[in-house]
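Per-chain residue numbering starts at 1, and chain names A, B and C are given in the order in which the chains are listed.
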Amino acid sequence: MVTAIRRRVGTVALHTLLIVGGLLMTFPFVWMLLTAFKGEGQMIQDPLAWLPDPWRASNFPDALDAMPFGRAYWNSFYIAAITVVATLLTASMAAYAFTRIEFPFSRSLFVVFLLTQMVPTQVTLVPLYVMLSHFGWIDTHLALILPAIANPFAVFMMRQFIRAVPIELEEAARLDGANRWTIFTRIVLPNIKPGMAALGIIVFLGSWNSFIYPLIFLNSEENFTVPMLLASFKGQHGGLDYGMLLAASTISVVPMLIAFMIGQRKIINSMAASGMGGR
Amino acid sequence: MSFSRAAKTVAVLAVGAALAATTGCGGSSGSGSGSGKTTVTWSTWGNPEELARFKEFEKDFGKRHPDIKLKLQAVPSYSDYHAKLLTQLSSKTAPDVFYVGDDFAGKFVSAGALAPLNEKMAAPDSKAKQEDFFDGLYGGAKKDGKIYGIPNDANPEVLWYDKQTLKDAGITEDPAALNAQGKWTMATFLEMNRKLKGADKAGSVFYNWYGSTYSMINGFGGKVYDGGKFVGNTDPKSREALKALADGYQNGTFLVADILPEGNGSDVQFIKHKVGFAAGGRWMIDTVKKGQPDNYDIVPFPSQSGVLMPQTVGTSFLALNKDAKNAQAAWTFMSEFVSKEGQTLRLKGGGNAVPSVKGADSVVMEGYPAHAQTFVDARDGGFANYPEEAGVPELTAKINELLLKLWTGKVGFDQAMNDLGSLVSGKLS
Amino acid sequence: MTTSTLSRTTDARRPATDKPDSRRTLLGRRRRERWWAALFLGPQLAALLVFTLIPLGFAVVLAFMKWDGLGEKSWVGFDNFQTQFSDPTFRDAVLNTLTLGLITVPVGLVLALLIAMALNNVRGKTIYRVIYFLPVVTSSVAVAVIWQMLLASGDLGMLNNTVHDWFGITLPDWLNDPDWVMVAIAAVTIWSSLGLNVVIFLAGLQSIPAHLTEVARIDGAGPLRIFRHVTLPLLSPTIFFSFVVAVISSFQAFDQIYVLVDPDHNEGARTIVYQVYDLGFKKFEFGASSAAALLLTLMTVVVTVAQFGMQKRFVHYES
């Protein structure tokens, strides 16, 4: 009885905390949604107002008309999708090698991997540009996809997840005569699905939001990605049309939310599917 | 789910992706060559409206020159634009023709990245002769008599004022009317600022750049450079002006536009009648239209005597890449872009600047603001920074950085003057 | 280390292989293992080599040169490093960067862990998860406007005005005071990156076999004991990963600062990466910029190596 009450009180306290914290997390997003419906003058007349007055849904079609969003959407989407698939596959492969295959200089090589993440991209930007222009990849999407695949953080993250996979599972398969590739695809990958889903979300977001590389590497408008179009709405003198700017922003975050939902579901569902939880 | 199926999905996606990627780049790079056209690449920054105007110009140009194909590389923001331009220049892949901001011109000129234009401008059939443009506007794009960039257009910095706010603060005289009578003096301006402050408003909002600061110094009768030497920190009247600015910024009579929070910037303050004067160019039309346009008018920065003094002008330049592949076609585009006709096309119908070329002022005199003539007058005698300063990379930026510390009270006045002296003498030597 | 471990495990597992051939099979196996390693590592290694290591090599060379990005390069030895060491703005940048890391890493990780634990099994977790993820997908413009309004001084500053009205306390001018701006930046950094850390921790928690906690519960262990002795050890590889990555990314702080303040207007917001950017793309001193970047790298390496050293004591791995 007492424990039941205590548990009830605990639950209420937990939810109260989560809701208060949730408000803190949510309000800029809500503000973004609401401001996307505001007219041009309202941000000036009353910057603190939350509700649009009047509501102006036309910001959305206006924003879409002002710049070629359809094309940019497709560009951003397919770049992010390829980057996610390629990164998930190659990073977990590399992580598997680092974790479960013995080879000379394994540790040193991993250190080199991590080391490259410690150099700010600002300083490798010019040499990378020079190289990509030699390859003739400037103003193509290859210049965004291929460099993004080299992702030591992803390797590191997958390595941590693979290390948590019980080695006995692998050894059992080995005794059955399975080779490395079979073990990797049949044993390891199913067991690190939650990690891969989380990594997928992160890589997708990173690619979708990426700004500096597309800005420097792409020249033609038909190749532009969504963040580049968004930036052009900000204007030279701190433009005031927040309505249209945030309408455009709102449109641009939808794919990220979808990616998150899908990834989240995978993180949760994979437990049951992989047999991990029941072991 | 079985992983062989997953592997198949991955493979299909990867192949599809690779195909998409190759067609993507094939489409963009293949179109320029082969059609017998000369391609000229050019780059600039701009928001969607500005870009729409550039595209209009390109279309018009294409009709006149079917043999030249223009390819625009647009970058949204000013600072990102210059980072990209530098990256391109360092790997020799910069466009044939490009915009250069006035604070970057000195750097690119001294680094030898730009082609001198004198000969091309002087050619008999040139559509952009040196004397077509107001001489004070060449600024940092002119060095030792050589011209490395042509001003695209100009934005003389004037004072926009809010009639309503002035009236609310008990100011009965109209600044533009005073100016017409030759009575628009620094003393009057400062007195108005005091009254605005007394009425619980800010007097004026300035951007922290040489334009506003040097205009204030000149308005006090001070000098910034004298005989090639920096005297802004020693000339008694200049010191008086800087002291007045520093005190004003610290007690709230003046506001630094650069450090106002996003969503409550100078534009918002001005439209909401929180400040009487806002320094800015013709681009402010877009801002004041969001309030009641008739409530706003413009006046030049005041002088000591009330007679119009040289005003500062913000500008940007169009430059020719030293390594341009098709210099002749590039020049054709460039000269038409900055010519009278080009500027008229770009600036008519509420454009955001004033022509830098002679004989195109009809685009300014479209009826708004009431004293639009002030833009023209300010440009005619105006100047784009002092040549001493414009020619030295980084100098202007350094001075602004230091002055901001003075405005925000992070360094004392005497300290700031000393620092200013050593900064400039170190850079100029 | 590698070969001896290898031979030991192979020998132990296959004791009954025919004796005369054992040495040959061992060598063959080792060679085969290397081929497998090459196959698995290949794609990442190739991408890393081409797109990161080669440009990095160029940057290292550049650190010993003077180059404005356009003209000729010239060797200057260690000059660039010396200039950075004697430059007070670089020293301030190092201090600012460390301050940011010291706040964001512990606070950010502990908060994310607590939230992930709470969200792991709470009722209505789906909606909570979305809510706590929202800052990650909120546009940076909205983030800038809202936080600048919240933290501003003067009549619009919501936070300072509220605190002043309710408690009579005057808070600092968060965005313009160089002594306090890093605290404001740290708060917004934690706020905006929380969602990603929660996602990673949730994935880690989901990978913990449910039967282990169940067994502990049946044995009569309370929630705290289960956390301490089951959850925490099994989650430690994930925590370690987040810890290392959080330190590295706090040292690389740049984007989130630009959203809130312009470091040109407030020197308290200058980080090392801002220094790198400023020297390179605004001052055209690419050599000095590279030198500053290498010093940052060195600093990061030292801290990361220390973290990996600690790993043995605190991180629990399978096998």
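One rule holds for everything that comes next: contacts are C-beta pairs under 8 Å (C-beta built on N, C-alpha and C of every residue); 3 or more make two chains touch, one makes a residue touch a chain.
Because the structure is predicted, anything quoted here is derived from the model rather than measured.
Visitor: Please identify the chain with the largest separation between its CA centroid and the CA centroid of subunit C.
Guide: B
Visitor: If you tally the C-beta contacts, which comes out ahead, A-C or B-C?
Guide: When the contacts at A-C and B-C are counted, A-C has more.
Visitor: Which integer distance in Å separates the CA centroid of subunit A from that of subunit B?
Guide: Roughly 37 Å, centre to centre.
Visitor: When the centre of a chain is set as the mean of its C-alpha atoms, what distance in Å lies between subunit A and subunit C?
Guide: 15
Visitor: Where the centres are mean C-alpha positions, what is the separation of subunit B from subunit C, in Å?
Guide: Computed from C-alpha means, the inter-chain centre distance equals 39 Å.
Visitor: Two or more other chains in contact with one residue: find those residues in subunit B.
Guide: Correct list: 83, 87, 90, 262-264.
Visitor: If I count partner chains per residue in subunit A, which residues reach a count of at least 2?
Guide: Residue numbers touching two or more other chains: 47, 86, 89, 126, 130, 234, 242.
Visitor: Out of subunit C, which residues touch more than one other chain, so two or more?
Guide: Residues 69, 145, 149, 156, 281, 286.
Visitor: Applying the document's contact rule, which stretches of subunit A touch subunit B when the two form their complex?
Guide: Spelled out, the residues of subunit A in touch with subunit B are 40-41, 43-45, 47, 66-67, 75, 78, 81-82, 85-86, 89, 125-126, 129-130, 133, 136-142, 145, 185-186, 189-190, 215-216, 219-223, 228, 231-240, 242, 273.
Visitor: Which bits of subunit B are touching subunit C when the two form their complex?
Guide: The contact residues of subunit B facing subunit C are 79, 82-83, 86-87, 89-90, 107-108, 111-113, 258-259, 261-264, 393-394, 397, 401, 404, 408, 410.
Visitor: Would you tell me which residues of subunit A are touching subunit C in their complex?
Guide: Checking each residue of subunit A against subunit C gives 11, 14-15, 17-18, 21-22, 24-29, 31-32, 35, 47-48, 86, 89-91, 93-94, 96-98, 101-104, 106, 109, 112-120, 122-124, 126-128, 130-131, 146-147, 149-153, 155-157, 160-161, 163-167, 171, 180-181, 184, 191-192, 194-195, 197-198, 201-202, 205, 230, 234, 242, 245-246, 249-250, 252-253, 256-257, 260-261, 263-264, 267-268, 270-271, 276-279.
Visitor: Okay, in this complex, where on subunit C does subunit B touch?
Guide: Listed in rising order, the residues are 68-71, 144-145, 148-149, 152, 156, 175-176, 178, 262, 264-266, 281-284, 286.
Visitor: Across the complex, what residues on subunit C touch subunit A?
Guide: Residues in contact with subunit A: 2-3, 5-6, 13, 33-34, 36-37, 39-41, 43-45, 47-48, 50-56, 58-59, 69, 115, 118-119, 122-124, 126, 128-139, 141-143, 145-147, 149, 156, 158, 191, 194-196, 199-200, 202-204, 206-207, 209-211, 234, 237-238, 240-241, 244-245, 248, 251-252, 254, 272-273, 276-277, 280-281, 286, 289-290, 293-294, 296-297, 300-301, 304, 317-319.
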